[in-house]
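So that you can tell them apart, the chains are marked A, B, C and D in the order they are listed, and the count of residues begins at 1 in each.
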Amino acid sequence: MKSKPFELSISQWFNTKGAITLEQLKGRVVVVGAFQMLCPACVAHSIQQLKKMQTIFKNTQVAVIGLHTVFEHHTAMQPHALEAFIHEYRLSFPIGVDRHIPDEAIPQTMQALNLRGTPSTVIFDTAGEICFHEFGHVDDLVLGLTIGQLLSTANGSARA
Amino acid sequence: MKSKPFELSISQWFNTKGAITLEQLKGRVVVVGAFQMLCPACVAHSIQQLKKMQTIFKNTQVAVIGLHTVFEHHTAMQPHALEAFIHEYRLSFPIGVDRHIPDEAIPQTMQALNLRGTPSTVIFDTAGEICFHEFGHVDDLVLGLTIGQLLSTANGSARA
Amino acid sequence: MKSKPFELSISQWFNTKGAITLEQLKGRVVVVGAFQMLCPACVAHSIQQLKKMQTIFKNTQVAVIGLHTVFEHHTAMQPHALEAFIHEYRLSFPIGVDRHIPDEAIPQTMQALNLRGTPSTVIFDTAGEICFHEFGHVDDLVLGLTIGQLLSTANGSARA
Amino acid sequence: MKSKPFELSISQWFNTKGAITLEQLKGRVVVVGAFQMLCPACVAHSIQQLKKMQTIFKNTQVAVIGLHTVFEHHTAMQPHALEAFIHEYRLSFPIGVDRHIPDEAIPQTMQALNLRGTPSTVIFDTAGEICFHEFGHVDDLVLGLTIGQLLSTANGSARA
């Protein structure tokens, strides 16, 4: 039942020294928040939720990563514009730019994850398997519940 | 390390047929939300959070209970007034009136739980032990995380 | 076209020395906010709006008055309970209890103003005439606009 | 006491046929909302306030105009990016791009109005004179009050 582990396809990283891979993060729960800087629901809700998760989960078993999945208005959301956005919104969690192939609207990671749009939340368990995949805003209570269950399961397995 | 299991001391129940005891709820995670109907932070935040939990956790391993812990303005928050409040705020989760002894400001369960005020949140694990005890508003993400961990641990134990 | 000036019918005042009459307030714009302490929309929105108006209009040509128009759950919203509510919600604008006649559900001022329910907002111009009468939450922008127009008109007349 | 009437310096308009001048708008109250598309407070509050004003004041004596005053991150906030922003945020009130001279950080209208930053609100009375000039978010109630007073004064003068 083992599939080849999923990996992000990122053309540029912000807020991190060197590239981040899911492979490196094995053993931790990884929350990937897919957003676009000009998506109103992302700006109003998801960005704030990612910031809050970063604060709550700092230096724990949960890693929070932003994924800039531009699938429209490409010229308006280039990495230099994202950099200004990150500065203005005071974002300090790692953010990867989803790799964009010329002539393809949908960037690579978004295609591979089969995301319907932004915002989307994808959670990987400690083994690197996708165990949560949702389009639209996820309620904080549901998100916390999901992550809490993954953490406990992981700890239980570790102890077993 | 086993202590005598904690039990609620309730003089009257709303939204439930017959009394509820923690003893009956063993095997489920129990979230007790202590509030007062004239406490602004309770009305603005905690009551809404209890409603949301009831919706999310309906018919699952999590039981949500309101506890009306009146420790001030006693004459203004009698059960008949609480009944009007429950009706106006459309609350349908079980709510117990914390037992009040004449001449004692603090009601019985509030004393036993050593609550500092309202709102307060107390969570019992599936074995009936207190494992979360907080005064003031608890962030939804933190609350979900706590409950998720308890559920998983319980399931892990059950499987073991 | 002069009608007999409208007057409030109040059984008890809070946050004021002595009774307030609209007659006394002639020359000022008077905003009357009708509410019930157990009405969720009143607590969430109207009470906050009255507080904000009090802050903005303090010692100006605008008087802000709360009117406790109890038309249901009478035993739960007696003046002693309102007093606790006023204390807990830190209300310091004048609040009058709409006079209640036994066996009549609707109190006197509410009847006279023909209010449909709570919250309701009624504004009297500087001549004591009703010039705004609305059931439900009124947007701050609309409310400010209405008051601003009344103030200017009054000043214009005064100067004329 | 008459000064030369102030005029906007705009390099490009959105949501309008042909250029808009304050000269054309004489006789109406004009609310100019200065913003930047990557300014968090503008996006969270001011843009929503301008939308609400447009809805409330549509086809009345009040004209609502957005002014894109870019004074930082110039390459990220070019007109083509603003166009995407306008589309995503469903803005339909007229928006002018404040004219930017190469090598000057501050655009022309912003300089002339002596704005401190974004968001800023400037209101012109029916004679085209500036009568409100504020940096930061303006409360809806205060904004409505200001506009209401200007409208009444204008009507009073017209009648005189």
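By definition in this document, a residue touches a chain if its C-beta (ideal position, glycine included) is under 8 Å from a C-beta of that chain, and two chains touch if they have at least 3 such contacts.
None of the values given here were measured: they were computed from a predicted structure.
Farthest from chain B in terms of Cα centroid separation is D. Look at where the CA atoms of chain B average out and do the same for chain D: the two points lie 50 Å apart.
Chain A and chain D, compared by their mean Cα positions, are separated by 37 Å.
Contact of a single residue of chain B with at least two other chains is seen at no position. Taken pairwise by the contact criterion, the protein chains form one closed cycle in which every chain touches exactly two others.
Listing the residues of chain B that touch chain C in their complex gives 38-40, 43-44, 72-73, 75-77, 80-81, 83-85, 87-89. For chain C in complex with chain D, the touching residues are 49, 52-53, 56, 139-153, 156.
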